[in-house]
Amino acid sequence: MQTVVQTLTWHDTWYLAPEIVLAAFTIVLAILDLALPKRIGRNIIGWGALLGLIAAGVFVGWHIHDLSTWEEAGKEPFRNLLDGSYRVDDFGNLLKLVFLGATALIVLASLGTTRTDEIPIKGEFYYLVLPAVLGAMVMASSGDLITLFIGMELLGITSYVLVAARKSAGISGEAAFKYVVTGGTASAFVLYGMSFLYGMTGSTRLSGIGDAIGNAVAESPAMVYVAFFLLIVGFALKLALAPFHAWAPDVYQGAPTPVTSFLGVVAKGAAFAMLYRIFVNTALYAYADNTQLRDDLYLALKVLAAAAMLVGVAGALRQQNAKRLLALSGVANAGILLIPLALDVTNFHASLFSEFIYYLLAYVLMNAGAFAVVAVVARGAKSEELSGFAGLYHRAPWTAAAMTVLVCSLAGLPVTGGFFGKLFILFGTVQTKEYWLAAVLLASTVISYYVYFSFIRQMYLRGGESELPVTVPVPTGLVIWICAAATVAMGFLPKPILEWVDGLFSLTTDFFSR
Amino acid sequence: MLDDLPILSMIAFLPLVGALVLLLVPQGRARLIRGMALAFTFAPLLAAVALYIAYEPLLGGEAFAEKLTWLSVPLNMEAGLSANGATSYRLLFDYRMGVDGISLPLVLLTGVVASMAALASVQIRKRWKLYYVLFLLLQTGMYGVFLARDLTVFFIFFEMTLIPMFFLIGIWGYFSRENAAKRFLVYNGLGSAVMLLAFLMLIATAGFSIEQTASGAALSFSGSYDVLAANLADPNAAANLNGSMFLSDSLKGAAFALLVVAFGIKLPLFPFHTWMLKVHTEAAPPVVMIHSGILLKMGAYGLLRFGAFLLPDQLRAWAPALAALGVVNIVYGAVLACVQKEFKLMLAYSSISHMGIVLLGIAALNETGFEGAIYQSVSHGLISALLFLIVGTLYERTGTTRIDELGGLASALPFTSGILLTAGLASLGLPGLSGFVGEFLSFLGLFDSYPWLVAVGVLGLLFSAVYVLRGVLGMTYGALPDRFAGLRDVRFVEALPMIALTALIVLLGVYPSLLTDAMAHGFDGALKLLQSAAGR
Amino acid sequence: MFNNVNIEFTGEFFAFFLLAVCAIVGAVLAINFAKVVHMAVSLAFTFVSLAGLYVLLQAEFVAFVQVLLYVGAVTILMIFGIMMTKHQSEGSETGRPLLETLAAIGCLCLFGILFYAIRSASFPVPTGELPADNTMAIGKLLYSSYAIPFELVSVLLTVAFIGAVALAKREPEGGNGEGAEPAAENKPAPLSGEEGKTP
Amino acid sequence: MDIVFSQVAWLAPLFPLTAFAVLTAMGRGLGKAGAIVATAASLLSFVLALLIAAERLGDSAEDYTGRIEWLRAGGVVLHAGYEVTNLTALMLVIVTLVALLVNVYSLSYMKDDERISVFFAYVALFTASMLGLVLADNLLTLYVCWELVGVCSFLLIGFWFRKPEARAAAKKAFVVTRIGDLGLLIAILLLYWNMPNHALDYTSLYNVFHSQSEALSDSLTTLIALLIFLGAVGKSGQFPLHVWLPDAMEGPTPISALIHAATMVAAGVYLVARTFDVFEASPNALTVVALVGAFTAIFAAAIGLAQNDIKRVLAYSTVSQLGYMMLALGSGAAAAAMFHLFTHAFFKALLFLAAGSVIHAVHTQDIREMGGLGRRMKLTAWTFGIGALALSGVPPLSGFWSKDAVLAAALEKSPWLFAVAVVTALFTALYMARLFFLVFTGSSRGEAVVYVHAKESPAAMTVPLVILAVLTVAAGFVWTPWNEWLPGWLAGSGAGEEEAGAGGWNGVVVAASVAASLLGLLLGWLVYGRKGAAVSAAAAKAPGLVRILERKFYIDELYDIAFVRPLAVLGRALHVFDEVVVDGAVRLVGRSVQAAGKLNTRLLSGQLQTYGLAALAGAVILIVAIAGRRFW
Amino acid sequence: MTMLGSYLTLAAVLFCLGLYGVLTKRNAIIVLLSIELMLSAVNLNLVAFAKYGINASLRGQVFSLFTMTVAAAEAAVGIAVLISLYRRRATVNVDEFNELRR
């Protein structure tokens, strides 16, 4: 293992360009924030952060392009740095794009709605988003437990700060504290599981673990079970899968709305990315004669997914607070997002990544859009309760229309991105003949109609207390409409995206090659 | 001429175009909005009539079939993981439209009822624009359901009816409209979820087609009705696909059961009927016209097309149960209709009763029965649309539709009462009006196999006489309460749809060949399957 | 399950046993003490015991960092925190028997599972030896194989630093925290030691 | 012989149908003009019917059949067609004649009604339906018209819709006859599936059932016959479905005449006669028909003895006479039945129209409030008297001849049936005598003012009376012992040869018949006609019996308890079931989901450590349940 | 029981004690410290595996170094959050942090 000691070369920095850009922007913006006099609005930091995100995105795009040219040239379309400590491949790149795009949308939306009296540390608020995304990106593209863990913690610790940013409200601090404790505990579980994995296989490299795990299963299955279940529990906490979800509504409600959106989309997506990395490289090989360990692991994921879907929508039924409602819907959606992975890779089901990333993308759009609307409405109504939406159809018809589209997508009604995302996942479920899981998914979808239409009910069927028009700040409005339009587009024409993903992503090179 | 036009898509999407155009019209221009809505409602009706005229039963409407590859989703099948040695593996979503003897009558029905409902929408007093936009969207969904020839497309259209209907009930209904709308949404959502599960089961196992290309076999899955029908009818299909992947018999049974539940909710089948009572009583009359007149028929249509035709073995196995359920529906609905005090509720139960007859027709397993089921659907659509049109008129004038509060309306509103009586008579299956034909054919079809069930089922005809006369006579005969003395009979605008619907009901009753000729050959394929199923 | 316990009573084991008892006692006491400061201190005791165990495990550098970080930094930080939030509710650490019982049962179950797994595992004979010059080798590893996480940790620490400052500093207008101690010096000073590592 | 007019027989129903369409389309505004249009249409039909009958009078005219494809169902074509035979020609004449007379009569009778054009429209439709029924060449077409006849009678019975009684009677008529209709429907379904080629036309029926082709088993044949008979029972008011017929008196009197004489109730008898081939193939069914007919005859006659409503007495008499017809049919004498139908049509129409004339004059239907009207309304009294005598079977009026034919047939079947029929004849004469004497003789018992103002009806009403009276006298001579023209003519087409001369003449029959009717009339005169006879004389002597008869043997009450109330109770029970159990289950599901949500919300108490505990519990359960089972 | 088993058992004990602390301690600071205890237990695991596991190597030790650093950072942020919260609520009792609920 230690035969060749690889070191980081200058050449390798090219592959780290997006990450470096983000780190550099963080530092520059931090200095700028210190240097700029107080009277200058901190929105400029926000625009800077946006710029950084876009720049990083450009580099990711560049990488994608590079990789595809390699593929055409017959070279393997991925690059392992330092023996897999960092990995540039299409799996990672695609997810990075999603994270960067989602964060950019969220930042853009927040530029219109963030108020200084609420978030006094506005400068930090904006530029700390960058290291958080950096953490997420690391989680998506590493082949080493340590790197993955550091990425996770980078994202986690930054998120704690961001959640607490709404310093004027006590609930923000409370949410942050709850998040710290939950996140810390989750990290401990994940780490504990990792330590067992390391111990059973003697490697922190995922590829090394994958090589040795089969042996470990044969030798001491109980230990491997424990290792994976600790990991699963840790991730379930991070992802807020039922019954590990209870913290989510509290944290989501207390956090500033853009951060809530970020947590729901990027933090969750990154956790999924890491889960994929680990599972596809290790759990997939965790079989030996006379054990059903592998099946059991996937069964556990399925059970968690089912529980999350049901508990999420059931919990959302009685919520009166828009953010809590969306938090619980996020629980359900995390369950849905888990399904493709939980279905395992089999003869009849190899499209797990397409299914996952398509729904993730759809979820990003509808979530970011919905939270942007919530932020706008909350600004007008001075409350994040659902009742703030009352009569929105009269007060801001176009925003109401956009929200209708987003809510339909959340509910999985055609023809929206959410619908097709769900459809693909369902198709996979049915193809692997996991009908019970499909039934649970459908049942939760039906219950969710009730949940999501509480928005509709408020917007269309109720008169608002005030009939004043709601003002929509331009950047936020832009985001709302980008999200709504993209949601519809994803419903009608999912083909380009899926073809593109399929063209780039490949199970063999992204998941199975070492 | 029609061959060159994508007439089916035109029918389906004209209302959608109308809805989009309406969005651009300013809120205040009520007259313009209404006029455009009417135009975009009548346009597909005209197209449907043109289609009917051009339709040749023997061709089975092949001339109009439309197919467009909409989406082709790669399923990432890589070397070493592929089934059947296929090199590519895709999920296809084709946009397929088609019309045959089964769907054509229902398309016409949709056009007629929707147009009449549009005319009747003069009763709508608030939020015009939104109303008509939703109304048009709903139409696209309905047409699409009857025209789609792909399971996914069907599902999408099916769902598309859900949302506009939710709003139409929830915004323009009566007192507890929200409750009704919510129940409609969740119950029907459940139905379509169950349907989707069944559809996906079929697609993922039997919707395959294998195409040999230069680079190897290309395996694709699609919801194309034709592909599914061919595969399910082909005894070698399982061998063509990697054996374990194909639909096993027990799964077929499960899929059929799911379809029965899914479409049973829509139909509605006892005991899944309670949601529609709420809708019937709480929604605005033009909306109920659509709902009772068309949406319920989607259940019958779906059950016939996807349950009966795709899974004939299962239909055969289930036929006794379906027939029994149909009889339960008939008698249960009828007996309950006999004791209702609210006329709308009575009509709701009568719908349950009448849709039971549709089930009987389907369970008959012969062409007569199938034709009866479709005929009954069309006829009930027209009749219930007419009845609810009258209900709307009456409610507008009297503010109530309770049988015990009304009476003697024949004195004050002779025209409306006369139409009501006619509609009632049609509803109780009077020969010479359309209701009889459907009932007769259904009973006739089923009688061959289950005479005793039919004998019980005809009791429904007796009860229908009881409740219809009780309701209609209770409202129109007798002494006129003083407070209704000053009522004015219908204006011409209101009378127009009534006359049109009545005329159609009479026409279909007197000369049923108008529809049955179009239906001829529509069932040929299915019947062949059924016969071979019997042979096995 | 316990009948096949055959432990060689070597010197190492004796040391392990001693340190393990210390660590557990520290942890148990930390949970049972009434005063918050006592808890913190007894946890520090546990951390020190752990450092001893690391030495036993030929991880001298880790042991060193353990003392530096946990005992030196984290515990002190916590005690700072305790001081700053010093409060009246000292003796109110009682009264949730249901929660405690259930938590105890849950933790015991978890431990049972872990213990069963550990007991039933058949650990392979270790292959390979740890290099003698531990610290040097660790340094090499950090700068070669683990260069990327190493760099990332620097970012992480910076972020934590900035974040901690941003959160803990008082806002001029919104400072209505009633009677909070003047905690201007609460910058997480101990971190600066690690900060030095950032290139 | 050239059969021009038979070819256009389809025009016969078309005239009134057109009238109906015109009247409906033009609406109420038409008024009197509409009435004239309808009358003209019925005149046209009558003329056509006469022409058709005339061209068939010659020997063995060919039956004529015409049909169109009505409905293609599953590869089998259902036709709509018409067939002209001697039987149908006879019926055509009866129907159109009575319809015409009723139309004329109504021109005057209904002239003050604001909805006169509606009335005439209904009558026109009624006539058209009945003509269609008569002409139909197959059972399905017959069924269609059959139902239309039912609905028209319903409309006309309920014509005075403001009266609650009219509403109830109309409803009752429709629902009760529908019970019979269902029998007929099932019979049609049975025939459809069991007949070769799914044929439903009479020719095929004749071929199948006459040839003893064994295409249908005996029991099946009996079943079909009985089901058809069930239809006839409903329409013709036979026991136990007779209850609607007396209540149908709520309609305008001309309608009663129409229903009782020519259309509605005749349809049942006609149906059995038309499908007589089926019945002949099943002796058991014939016996049932005969028994039901005989029972109905005496049963209704008995009730008729104690009724006080002039129209109700006539109504029960109709039921009774229809029982006679059924008896004849059951005895295998279709021709006799048709003969009685023929004569009955005239004298019953006469009686009703005369009764209408009386009612028109005194505005009451209760015979206890009449009396002595013979002096004021001579013509009416005379014509009524002729009708009453004919009904009583007094020779040589038409009723005598037809009743004799029936009695003879009954005797052939069974002496018991004959005995019943004779007693019925006695009852008939008795209640007719009672009716006549109470209405027209004696002194007025009603309000004097009414009596004073009572006067003879106008010509439009009396002329039909006279015409009918003449026919009543004359119609019997088509079939007398010395002239057996009618059965021969009827048998000439369709019905088969061997049943010609079914009756045969028998001195016993004639004697019994005449004796019974004279005895009845005498008895009636003794009790009601003599000076000083009291209305309630009978009631005073045998109160219990009279009461039972007045209450119509409590059949309505029995039905109410046996069917109507249980249905209502069942309905209400199901309503509760629907709301509590079915909808309750739905609500339960909804509630339990809501409750799950609530539980979930309760977990979200804000207590972080509770969350942690739940998570820990979840983790332990997950591990134990999934991994633990492998190590158990 | 091998030495490795003993170490692992000790780590498991400490981990569970830490978890128990997180779940039951009222004082928010102690809760944070309990998390540190859990992380320390993991470190013990890692270091023990580094010596006794297959492929004995320093990777486990390196891993534990990273863990410690992260734990310290987490503690710092945790305390900062707590202080910020304390300013608003004047309490560090976990069970009084329940403004966010239902």
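As written, the chain order gives the labels A, B, C, D and E, with residue 1 at the start of each chain.
Keep in mind that, in the parts below, contacts are C-beta pairs under 8 Å (C-beta built on N, C-alpha and C of every residue); 3 or more make two chains touch, one makes a residue touch a chain.
Quantities reported herein were computed from a predicted structural model and do not represent experimental measurements.
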{"item": "Steps needed, at fewest, to go from chain A to chain D via touching chains", "value": "1"}
{"item": "Lowest number of touching-chain links that must be crossed from chain D to chain E", "value": "1"}
{"item": "Closest chain to the centre of mass proxy, which here is the mean CA position", "value": "B"}
{"item": "Result of counting contacting C-beta pairs for A-C and C-D, higher pair", "value": "A-C"}
{"item": "Furthest chain, CA centroid comparison against chain D", "value": "C"}
{"item": "Chain A and chain C: spacing of chain centres that average the CA atoms, whole Å", "value": "29"}
{"item": "Approximate Å spacing (C-alpha centroids) for the pair chain B, chain D", "value": "39"}
{"item": "Inter-chain centre distance, chain C versus chain E - centres from mean C-alpha coordinates, in Å", "value": "6"}
{"item": "In chain D, residues with contacts to at least two other chains", "value": "601, 604, 606, 608-610, 612-613, 616-617, 619, 623, 631"}
{"item": "For chain E, residues contacting two or more additional chains", "value": "8, 15, 18-19, 22-24, 32, 48, 53-57, 59, 62, 66, 70, 73-74, 77, 80-82, 84, 88, 95, 97, 99-102"}
{"item": "Multi-chain contact residues (two or more partners), chain C", "value": "99, 103, 106-107, 110, 113-114, 116, 118, 120-121, 123-124, 146, 149, 153, 156, 160, 163-164, 167"}
{"item": "Set of all touching chain pairs, with the criterion as stated earlier", "value": "A-B, A-C, A-D, A-E, B-D, C-D, C-E, D-E"}
{"item": "Chain C to chain A touching residues, read off their complex", "value": "113-114, 116-118, 120-124, 140, 143-149, 152-153, 155-156, 158-160, 162-164, 166-167, 171, 173-174"}
{"item": "Touch list for chain E against partner chain C, complex", "value": "1-10, 12-21, 23-27, 29-30, 32-33, 36-37, 40, 43-44, 47-48, 50-59, 61-62, 64-66, 68-77, 79-84, 86-88, 90-93, 95"}
{"item": "Complex contact set, residues of chain A against chain B", "value": "345-348, 350-351, 353-354, 408, 413-415, 419, 423-424, 426-427, 430-431, 435, 438-439, 442-443, 445-447, 449-450, 453, 456-457, 460-461, 493-495, 498-499, 502, 505-508"}
{"item": "List of chain E residues in touch with chain A within their complex", "value": "8, 15, 18-19, 22, 28, 31-32, 35, 38-39, 41-42, 45-46, 48-49, 53-57, 59-60, 62-63, 66-67, 70, 73-74, 77-78, 80-82, 84-85, 88-89, 97, 99-102"}
{"item": "Interface residues, chain A side, partner chain D - complex", "value": "177-178, 181-182, 185, 221-222, 225-226, 229, 232-233, 236-237, 242-244, 246-247, 249-250, 291-293, 296, 299-300, 303-304, 310-311, 314-319, 447"}
